[in-house]
Amino acid sequence: MNLEAIKSEIEANVPGCRLELIANPSPSGQHSLLLDAEHASAVALYLRDTPNLRFDFCSNITGIDWPGKEVSQKIKVRKLVDGVEQEVEETRITTIPGSLEVVYHLYSVEKKHGPIVLRMRTKDRDAGVHLPSFTPIWRSAELQEREIFDLFGVLFDGHPDLRRLLMWDEFQDYPMRRDYVDPDDYEYEPTAHDAVLQRARQHLSQANPVQPSEGEAR
Amino acid sequence: MTHLALMTQHLDQIFVLTSHWLLSYLPIALQPLCSAILSVAAIIIAFATLFALTTLLERKGLGRMQNRYGPNRVGPCGLFQPLADGVKSLTKEDIVPIRADRAVHFMAPVLLVAASFMGYAVLPIGRNMVMVDMNAGVLFFFAIGSLMELAVFMAGWSSRSKYSLLGAMRAIAQMISYEVPLVLASVVVLMQAGSLSTVAIVNMQATYSGIWPHWFVFTPWGFAGFALFMIAATAESNRSPFDLPEGESEIIAGYYTEYSGFKFALFFLGEYIGMFATSGMAITLFLGGWSAPFSFLTWIPSYFWFFAKLLTIISVFIWIRGTLPRLRMDQLMNLAWQFMLPMTLLNLLTTGIWHFMLPGFLRWIVCSTMVIVPCILLGSGLKYKKKFQIRTYHFSQ
Amino acid sequence: MSTATLAAASLNLEPANESGMDQLLEIAMGPQHPSTHGVFRMNVVLDGERVVRLKPVFGYLHRNHEKIAENETYLGSMPYTDRLDYMCPLTNNWAYALAVEKLAGIQVPERAEYLRVITGELTRLQNHTCLIGFLMQDMGASGTPLMYAFRQREIILDLFEALTGARMMCNYMRFGGCRVDLPAGWLDQAKKVVAGFPRFLDEYESLLVSNEILMDRTQDVGVLSKELAISAGISGPMARASGVDYDIRKVDHYSIYDRFAFRVPLGSHGDVYDRFMIRLLEMRESVNILQQAMRDIPEGPIVDPKTKIRGFRPKPGEAYGRIEGPKGELGFYLVSDGSPNPYRYRVRPPSLINLTILEDLCLGRNVADIVVILGSIDIVMGEVDR
Amino acid sequence: MTNNMYLPVIVLLLAAIAFALSTLLLAWFWARFFSPHKPGPSKNAIYECGLESQGDAWIQFKPGYYLYGIIFLVFDVEAIFLLPFAVAFTGFSATECIAMLVFLLLLVEGLVWAYQKKVLVWT
Amino acid sequence: MDEKLKTELSKQGIFTTSLQELYNWGRTSSIWPLNFGLACCAIEMIATTMARYDLARFGAEVFRPSPRQADLMIVAGTVTKKMAPQVVRLYNQMPEPKYVISMGACAISGGPFKQGYNVLKGIDRYIPVDIYIPGCPPRPEALIDAFMELQKKIDAQQLTGENRPRHLNADEPSEFIVPQFGEHDLEPTRNSSIWEPPLVQIAQTGSDESGSH
Amino acid sequence: MNSLQSYLLLSSLLFSIGLAGALTRRNAILVLIGIELMLNAANLNFIAFWRYGPAPEVLTGIMFTIFSISIAAAEAAVGLSIILAAYRHSRTTDLDQMNSLKG
Amino acid sequence: MVGEGILKGLAETARNFFGSYVSKDRLTTVQYPEQREPQIEATRDFPFLVYDGADWQQGMRCVACQICEKECPPKCIFIEKSKDKKPDAFGKMQIYPATFNIDISVCMSCQICVEVCPFDAIKMDVEYHQSSDDRFGALLLNKQRLSKSNEYYNAIHPTEASAVDAQRAEELAKLEAKAKAAAEVKAAAEAKAAADANPALNASPQQPAGDPQ
Amino acid sequence: MTTSFMILAVLTVAGTAAAMGLRNAVHCVLALALGFAGIAMLYLQLGAQFVGFTQILVYVGAVAILAVFAIMMTHNDKSMALPDSHSAWVAGCIVAVAVFAVLARAIVSSSASAQTQPPQPAATVQQIGNALMHRFVMPLEIMGLLLTAALIGAVVIAMDRREEMK
């Protein structure tokens, strides 16, 4: 099972699809293919139905949140400084847009090979969170995609029943995103330290402003 | 010897004599009433105690089957456990759901307990120890038994909970389905005994050839009738494996889901009392009532035999409960209508043939065949139709 | 039928109310219900007693395992994996350790592999016995089979306790091996337990297997076709009961399973009875494996000496490791960004994914069948909701 | 007086009812003096596995139950005729028995018809 | 009228005492738990009722599936925020007298999962708890131990007087606020009439911590 | 001792109650129940006349009542079935509505 | 034949029923408060702090390095370093924990604190009788309640403890040897220096190492 | 008129009146069961033991259950507690009262109805059985036919046509 070969095979057979091979530096050596959303279903169907591949078992579907990063770069710019053109070092902040990624691990029950790892990325993390659903292709995606919708907020187009899976329906946030803020409910924490302690203390000053000074007096 | 016989006779009749002696101090006009009150009090106390003991027996027996002790902390050997349960239930808050039908909700357990106690009016629990010897005693018993269906329906319907209602509908469907086989299975006895009076039926069985008693269970039709009666009785009293109406794993607690406090305890009581009553009827009809199993054991008081037989049947109930999984609704109904009803009808025919054949070996063979063969045929027919079997499995290479 | 149409057809989840006149009864089974194995909930719509719709509701035990693990060190997540599928903590440990070993490229010493196989198979034994007990409880068997199952489970738990120190939450495996070596006398005790196990299985079988009520209640109930099983990602004994010949122990050749002779039982009907029987048969095979493993276990180190307990930072990358857990394919997917905490930590819960087809199995069946079908799927809410 | 015969039955009925009522009364007294009732909207709501109850339980059921009810009724009535026959059976000759057999067979015929129509197959 | 009777009753001290003894004996000897398990601890709870430990010896094997017939709620396992309203409602639907054993770290304080966004940090925020059993999960022996602790507690309760337990006092509530699902968290996040965080302790540790660093 | 008259009066009262019910109720099931009640009143008459009649040993009254009860049971079964069938058709057990729907 | 399986099952339960009166295997109940199962050596419950010698404050092995606090997965340990130092078992001056709290209402008995502790100061206890009705008071174990003697440790985990003791003894010996060697070296150096300074003193080399200071 | 008769009469009339008067159909059936039981006890008082128990078995045990089933089968929001139109109610009551008046007048004025007789030996079940199998054997067979016809007819009518077609 050579991923390169599979990649070129797919590209040859699914017209118009662009695949990108994402290398995995870890010793596991599980490299992956990045699909584009438009052709994802076709690729998936190809993977499932082609007799020599037969990836009929979609084992695992994962969401990963890659928040946008601000990368500060120091670059030299030619600029007029005090009328003289000089090479000035300037920090430029480039924002790498964040995205939500969905990773699929496919196996073949018939051929007993695998895994092949597929990934898809959304455009961004706000409005463009749509990805095609694989539920019509692999039924096992049904609950897992619901879970990713629940926890990451990826909208799977074509999913038959896209509701929250684990949290209650009234819940607004997507808790597995990296920027999710926990509800502040550590009212009592006898062994608080680090971040929890900070929060507990903050809580305390709000709830009972006299108390800390009293404590400090002790 | 005669002295001994007299003594055993007195021992046998001790309750009857005591009551006569007590009543003799009362004016004649009051005697019937007081006699009734005495016997009623005796019955209620005896069977309420038996209920308490049975719950304990059941819990301990199940425990033993499951490799553990069961209740043994409250009182000596856990003997006071039922009492504690009673005290607790009595002092428990009584919750009636807001949307429930309050009046019906209240009346259901009372009616259930009343109906379940009524059956004892015709059960002879010892020689000369029957409350009323009615001409239509067996019919009375079944007629009263049908009141329990109504009580169960009242409980389930009035709670207005979905589980209750499902449980109640299940219970009624089950009870009516098994009432027909129950009645028909007992008809065979009536055909031989020629009376609907329970006393007459027992008296007929309390005779002996050699040491063997003439219990109806020792005939082919009697045995089949007994087996069918017991199956139907298990279902009538909602015991495992027919405990669908309160099938815990499916519909919470069935029709008494919404009952708390002592009302719940009354349901429990009613069910057990009902179970004793049907078992008592089975004993009366098939197992010779209070008569001793061997002629040389007649010196043991008759009421002892009755309760011994009752406890045996209860133990079997407990044993079955500890072993078998519950049936499903369709299987339960199919068993009633596709197996029990044809078999009871066939058993009627067998009894008729038994009656018209001359006593001897031949009628034993004919009647046994008439009962056993269809039973096997029907049973394996069911098995065949359902295609259920022990399967063999293969292994991957 | 092609799997595509099959999957699409089974997704048509709106059954018509056929008679068109009977009022439907909507019942919630769970979250507090005696037979939902924890806090599962099914919104059931009944027509009489027939199920016309069933919507599972999850999340009543969603304890944010993945989120917590992303803020924990790699080692710190190990005790949490015990609490995923709390019936079989050791296999969870194993799957997690395997994933981390893949991620960081750690070798496991021979003896440790044997220890893992022994504990893992013991876990399988106790999980399957208890599952059958619970299944019978759901069928209304007044606890007797469950009691026998727990009687046996206690014996196995004693072994676990003697080895790992805890009855349930063992926290035994480490990256590159196991935490402690066998205490003195453990192996003899374990051999005795394993040797006595077939006798218990015989007893269990004579209590259950040929029972007509059980057969009648389980045969042809909840039939799962092979195609749907594969498409829906069903794994473990449940898939094998449907005839899917897929055992990760055989397929992935992970650990040292290649060294043992054992067979994989396959069902042909895919109903509840098959699922029940496959587990019974699997237990016999597990006993086989255990006997071989305990015979062959070599001396040697139990943990890869190069692996650090503290300050463990795998290189950036990702790995998906999976094992054949008692409930099915238990996988861990880890993304490392080089920090001491995993960047992404994902559990592939067999219980959850096996529940995908719950409605398909229950439609048109009786209420009583729901609990039996659910019981035969073998779920543990800790893993379903994580 | 025929009534005398039923006196114990009536006493039994009254006693059983009194037994049930007296325990309930005792429980009520206990609540009155020591442990007060504390009803509340959530407490007295209908139990539904811990959820708020949705919809009414008093709904329309399937007619499947009713069909069983009919057959039960007919066989109950049959039993009414069967019982006097059974009691007098020992004195009967074959003629009466054949008459009863005809009666029974008529009913069995209905039953067989029901089997064939699969009325007695629970769905 | 009943006031009069009550005073009369209190005059008859012996009567009340023996009544109290009977009442407490009945309650301690027949504690029926609600058939209700949440997570890992539920398995140990089941193990406690099984052959090896046999909770039935105390007359407590009657696990009732309906809260109407239960006396004791063993909160065995993690209470998530999604589950909390149901737990409170079930508790409310139990008839008095009712007891709560908070079994295991998760039920007491959220335990190891307390950092989770969906985990309730202790069931005692919503319902009054009688006995806490630490442990993750507590051993079956620990549950039996707690059970006996509860029995002792019940046995010490007074039937009348100021110290009488909650359920005998008409003024004290028997049902508690059922939290609602909010957009980010449960609302309210705690029932402040029964649960107040002990603020001083945090202040102390907090200040000490800041002092030492 | 009770007189025959008192039984007859009671039975006529029951008959009237049944009649009133049958005439006033709109629920078809209850109308049927009213009719059953009237039948019962008649049965009571049979038994009373048997008891006070000239030849009680002939058992005619009893036999009549038994047959009457059986017929009433059959009638109830069929009647309720018809109501069920009508309900299935018109979704109501209200006689007025059934009538107005003419369906 | 229908019913065969049912009869088989009935026979099985009957065998267990009667077996429970004769065989220990069929009556597995350990009647807990009176009878107890034999203590399994590896059993662990909550952590405790080991101290050597008789005085828990003096002999405390913990040096407040806070590794366990950081590594504890559920973060249930709270340590505050002392401002002064005290000599440890090896005679080295170490800081010690001024506060050492373990919240057993959170602890999940995972043993990671034990594994990471470089000083063998924290070990796992076997005491599970911790249930209480006082959540805030009883379930937060402070330093005093956590401290258990090394003898206790030896009693509950003999194999492990003796290994630890042996290792510590070895370390101590090594340390002593090292100290001795250091002292000797020092002494030798001093002696040399002294010899260099004052050759007359060469005759008495067995001078105690620490004495000149 | 003995007290027992009075009690039973009041019970019966109350039960039946409630059955006809209550709003909730289920309550009506439960009250009806009480009324039937009252009538059964009147039969017992008249010495017709077998008939009395038959009455309970058939009416309380079967007909009432069947009625309950019918109510549960036709249970929807509309069918519960149908408001009875006022005019029909008044008219019905007037007719009923009139009928009662006529009947009562006839009974009271009839000399035959005033008779009281000494107690007779009650009819035993055996006598009934003999009568049934001899004098009433033809009605019995007809009864069997009727019951079978009723069974088939009722089932056919009540069965769901659509299910039958399947």
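We just call them A, B, C, D, E, F, G and H in the order they show up, numbering each chain from 1.
In this section, contacts are C-beta pairs under 8 Å (C-beta built on N, C-alpha and C of every residue); 3 or more make two chains touch, one makes a residue touch a chain.
Not measured: the values here are computed from a predicted model.
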*With one step meaning two chains touch, work out the least steps from chain E to chain F.*
2
*Which chains does chain D share as contact partners with chain F?*
H
*Consider the two chain pairs B-G and A-C; indicate the one with the greater count of contacting C-beta pairs.*
A-C
*Centre-to-centre distance between chain H and chain A (centres being mean Cα positions), rounded to whole Å*: 74
*Could you grab the centroid distance between chain A and chain B? Build each centroid from C-alpha atoms only and quote it in angstrom.*
66
*With chain centres defined as C-alpha means, what is the inter-centre distance between chain G and chain H in Å?*
84
*For chain D, which residues are shared contacts with two or more other chains?*
6, 34-35, 38, 41, 43, 45, 47-51, 57-63, 65-66, 69-74, 76-77, 79-81, 83, 86-89, 91, 104, 123
*At least two other chains touched by the same residue of chain H: list those residues.*
45, 47, 50, 54, 57-58, 61-63, 65-66, 69-70, 72-76, 122, 125-126, 128, 132, 143, 147, 150-151, 154-155, 158, 160
*asked:* Among all residues of chain C, which ones touch two or more of the remaining chains?
replied: 23, 25-27, 31-34, 59, 62, 64, 67, 79-80, 83, 144, 147-148, 151, 154, 169, 207, 209-215, 245, 385
*Which positions of chain C touch chain D when the two form their complex?*
22-33, 41, 47-48, 50
_In the complex with chain A, residue positions of chain C that touch it_ = 2-4, 7-8, 10-11, 13, 58-59, 62, 64, 66-67, 102-105, 228, 230-235, 244-246, 251, 314-322, 329, 331, 333, 335-336, 343-344, 346, 348, 352-353, 355-357, 385
*Give every residue of chain B touching chain H within the complex, in rising order.*
101, 104, 134-136, 139-140, 142-147, 149-150, 153-154, 157, 169, 172, 176, 179, 194-196
*asked:* Looking at the complex, which residues from chain H come into contact with chain F?
replied: 1-2, 5, 9, 12-13, 16-17, 19-21, 25, 28-29, 32, 35-36, 39, 42-43, 45-48, 50-51, 54-55, 58-59, 62-63, 66-67, 69-71, 73-74, 76, 78-79, 82-85, 88-89, 91-93, 95-97, 99-100, 103-104, 107-108, 112-117, 120, 123, 127-128, 131-132, 135-136, 139, 143, 146-147, 150-151, 153-155, 157-158, 160
*Which residues of chain G touch chain E in their complex?*
28-33, 36, 45-46, 73-75, 78, 80-81, 83, 98-99, 101, 103-109, 128-136, 138-139
